[in-house]
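Chains here go by letter, A, B, C and D, matching the order in which they are written, and residues are numbered from 1 within each.
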Amino acid sequence: MKKILNDPNDAAAELVDGLVDYYNGKVTKVGPGAIALTDIASDKVALLVGGGTGHEPIYHGLIGEGMADGAACGDIFAAPPPNIILEATRAVNKGKGVLYLYGNYAGDVMNFKIAAQLAAAEGIKVETVLIWDDVASAQPSTKEDRRGIAGLIPIVKIAGAAADKAKDLDELVSLVTSARDNTRSVGVALSPGSIPATGKPTFELDDDSIGIGMGIHGEQGVGIEKMMPADDLAEKLLNLILADDLILESGDDVLVLINSLGSTTMMECLIVLKKVKALLVDKGIKIYDVMLGPLVTCQEMAGLSISLTKVDDTLKPLWDAPCSSLGYTKL
Amino acid sequence: MKKILNDPNDAAAELVDGLVDYYNGKVTKVGPGAIALTDIASDKVALLVGGGTGHEPIYHGLIGEGMADGAACGDIFAAPPPNIILEATRAVNKGKGVLYLYGNYAGDVMNFKIAAQLAAAEGIKVETVLIWDDVASAQPSTKEDRRGIAGLIPIVKIAGAAADKAKDLDELVSLVTSARDNTRSVGVALSPGSIPATGKPTFELDDDSIGIGMGIHGEQGVGIEKMMPADDLAEKLLNLILADDLILESGDDVLVLINSLGSTTMMECLIVLKKVKALLVDKGIKIYDVMLGPLVTCQEMAGLSISLTKVDDTLKPLWDAPCSSLGYTKL
Amino acid sequence: MVAADLRAAATNQKLYYMSKETLSPNEVREMLIAISDKIIESEELLSEADRRLGDGDHGLGMKRGFTAAKAALKALEPTTVGQVFSTTGMTLMGTMGGASGAVMGILYQNGGTALGDADSLDASGLSTFMTAALEGVTNLGGAKPGDKTMVDALAGAQEAAAASTGLSLPDAMKAVSDGATAGMEATKAMIATMGRAKTLGEKSIGHPDPGAVSVSIMFQTASAYVG
Amino acid sequence: MVAADLRAAATNQKLYYMSKETLSPNEVREMLIAISDKIIESEELLSEADRRLGDGDHGLGMKRGFTAAKAALKALEPTTVGQVFSTTGMTLMGTMGGASGAVMGILYQNGGTALGDADSLDASGLSTFMTAALEGVTNLGGAKPGDKTMVDALAGAQEAAAASTGLSLPDAMKAVSDGATAGMEATKAMIATMGRAKTLGEKSIGHPDPGAVSVSIMFQTASAYVG
């Protein structure tokens, strides 16, 4: 596996520096692994995202105007340690408190929990919303066991807009919780990415097999099946979402995200979108907007995921607000 | 090679339909392979791009507000036929003429040339600017033999803004020619993508070898070398651009694009950006803005390219203008 | 339509294997259907040739174009020879795309137009066709013989046709086929200066140009058809 | 520093191989350096274990953390036992990230804090350490024994320590090491309900939890150190 790296052990640190270079002055590095917008409005409720690196553009590529105010970056595939989260928290806090918004993985939960305690000890108000959109990872009755996957894109986008207008942290929590509760995703894995430091694949899958509902690190999903045509796959995935406990009826509006896990091409994502749209139109469900491309990745992993976010009159204006970031920009 | 497709021979047609679905009403399909913005201002000079599919998000993912007005899409890796280009031409023409802007490949040149003759016969004014940014593909003295690669991203972005403000086709040609003449790129190939219809790799390269300056279809570049660290590679590529005939001096402003050819991760692009920035800063060259990610791809090909566009007081405001498209959006 | 079908059935049974001094519009149609079949069947070989020098899709484009051309030809009741060639050219041009879509399209279109309203094809018509076809392709793409493109095969075919106007159609077509094949063979030793292969430089030596292989296959099939 | 270095040199030559009834702060420091070396050396084994149940990076995180911990320990002139454990915990917590950064960090930090200002470690101190360590980890992550995490190894170690307060330190540490290893072995038969492996369900059976393997290695090394 050829990868364009220097010392693979420095990959995470170098990519964070490169990210700051990408933002070309708009973003500042704070300590070894935290980044924050250089100019944060002095009276806003702050939005902090974070997680392991290696999944670019998330999470740290989601900071920007109308998006997150800061990000805590861990090593490759490793949640950030509490001190990095704490530094990010201090950098983004403008006195109105900080919302932690991240994917529901044990490592992230524990490190952010410790950071939140440290921040509270410093008098910074912190609240947390966990992203658990992956319907394939647990039953609806135990949603708090679900993983966070690509649904974090519309959720962070909406949260960014909400953070710009929320009068306080509680209002932000409630808006973001609504975005989270209205988002469902499911993915399919075709082949693994590789761990930069070892060059080894992140998981194994037979040449003709695909993992329905598999997580972005190879976590078990609904089951391993034989490769199938795009239309069948799209229908199977969409049905897993439609069978979940988020009620979607004729006349409802949804945001659709077709996310590539890395090396799966836009061609494939577009072909899946065509089928997803046809199936939604059949049910009278209206597409409010579409996102498509490699947004939540796991190195050069192949596969894709479908996410739906049901948007009502509260969420629509938050979606419509312009935003700008490496990962997602909206005019 | 697993790919998420239905009949591979339908891939191009289905992806164009999916693209129209992506644009969710903003884009209309015209005939079998042309797409155009649904609402084009009634008095604007039109910008038409086009090329083979399979390189998404280019070319057809570059239509949108402040970007191209329409696109002619060919089959996978095949320039669009003249009739598709003609239909796109008719759809975007608002009486002020149409600029054809596309990459310098024999197939594209011939098909667009025939289309331009057919359009002229219908009384539509057509001009052409060819994109030939790849410094590795020919000497500066025979620039018209150079290929068009990732440099088309900043060029099309600037052309989109220019088309919104140009009073006539001649002014647009002159602005776009300036953007083209100030853009240089060079790429490196690590591994091939695969042809959807056959599953076969698009070219061959040894496990430990990389193709410096190789084109996105495997076309020969400067030479095959052994894999090297990211910093060395970044410096080698950048030097190929700096040694070319575009004069870049201390105090000059450049747009920097680090383009992934498909499966090369954002992590790798960011690490290369870090080095490129350090080298440019060393020379006193200022980075005006940065683009980064998989913008000009060849299926799941691995590798990346660096592009620089020198921007002066004419080009800067064109770059600054907001734009929106699948491939590139700017707030 | 019924008359044409009867004629076609008769041709398939017997006349197909006999030499033809001139070809009727319908026979030209049958010849081009035979060419279509042969090209479709050669998809892998042509794509493989393009994998060495280009982007590996030449066979796919040719198959796409000639599948459409065959359908168009089947639906055609031609009254002139030129009409058959032009329909082929228009269809290739409109469905293939890529470099070969343009050059193969122009080849048949220009060649067909040059035949005016002739209602049969003989050795002299063949020469008229070849000259116009070559002119169309070189005007469009700028490639000259020696650039390692299909022009090498086409120019070989054209020279042979020009030298064979006094021969029978089968002999002229055999000469054209040989000329095309020799032109194709000659591309093996050339360094590409046109098309995607041009940046390969010396690495392009040893492999025939894929478009030239197509031209050679087309005229070999034509020669087999006229007998 | 000079005194500490002399003591360290003496230890390395001779005392290292003799049983220790109690450990001085500096000996605890040496023990943790030995643990660091062993964990760093086990990188591949630990990552491989995580490749089966998680994302394949457990060894990388542990190596990163213990490389930093070793450096911090080398620079430390400890006056209390707790200080050594807490420094280890803080360093792991601050440099590793991931699930194991939090749990390994808390393990040493909580354990160390519970030892107050004790200036030596004996079997009863070991039990105090283990109880606080286990409590810290379960409070943080919510995992219980049987969930197939490092808590299984840690709980095994804690039970052994609690039952060994009347023993010599070497015997108590041997019991802790055996308890940790038995707890780790037991995870092989379990279905994961915590961490990344939880969605694997029955597929997780047969493989030991990577964090539990780390815990087992740590206390085996400690036991070897105290002799």
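Some notes on this structure:
Just so it is clear, a contact is a pair of C-beta atoms (placed from the backbone, for glycine too) under 8 Å apart; a residue touches a chain by one contact, two chains touch by 3 or more.
Just so it is clear, the model here is predicted, and its values are computed rather than measured.
Shared contacts of chain A and chain B, meaning chains that touch the two of them, come down to nothing at all. Touching chain A and chain C together: B. We define each chain's centre as the mean of its Cα atoms; on that basis chain C and chain D are separated by 77 Å.
Centroids of chain B and chain D (each the mean of its C-alpha atoms) stand 55 Å apart. Between chain B and chain C the centroid-to-centroid distance comes to 33 Å (mean Cα coordinates, whole Å). In chain B, no residue touches at least two other chains. Within chain D, no positions touching two or more other chains are listed.
If you draw each protein chain as a dot and join the dots that touch, you get a simple line with two loose ends. Remark: the chains found to touch one another pair up as A-B, A-D, B-C. Across the interface of their complex, chain A is touched by residues 2-6, 11, 14-15, 17-19, 21-24, 53-54, 56-57, 61, 65-66, 190-191, 193, 196, 207-208, 210, 227, 229-231, 233, 262-274, 277, 287, 289-290, 292-294, 297, 299-300, 302, 304, 322-324, 326, 329-331 of chain B.
The touching residues of chain B, when paired with chain C in their complex, are 9, 52, 74-84, 105-107, 109-111, 113-114, 137-138, 145, 147, 195, 197-198, 200, 202-203, 215, 217-221. Chain contact summary for the complex, chain D toward chain A: residues 47, 51, 54-57, 60-61, 64, 93-103, 105-106, 140-141, 194-201, 203.
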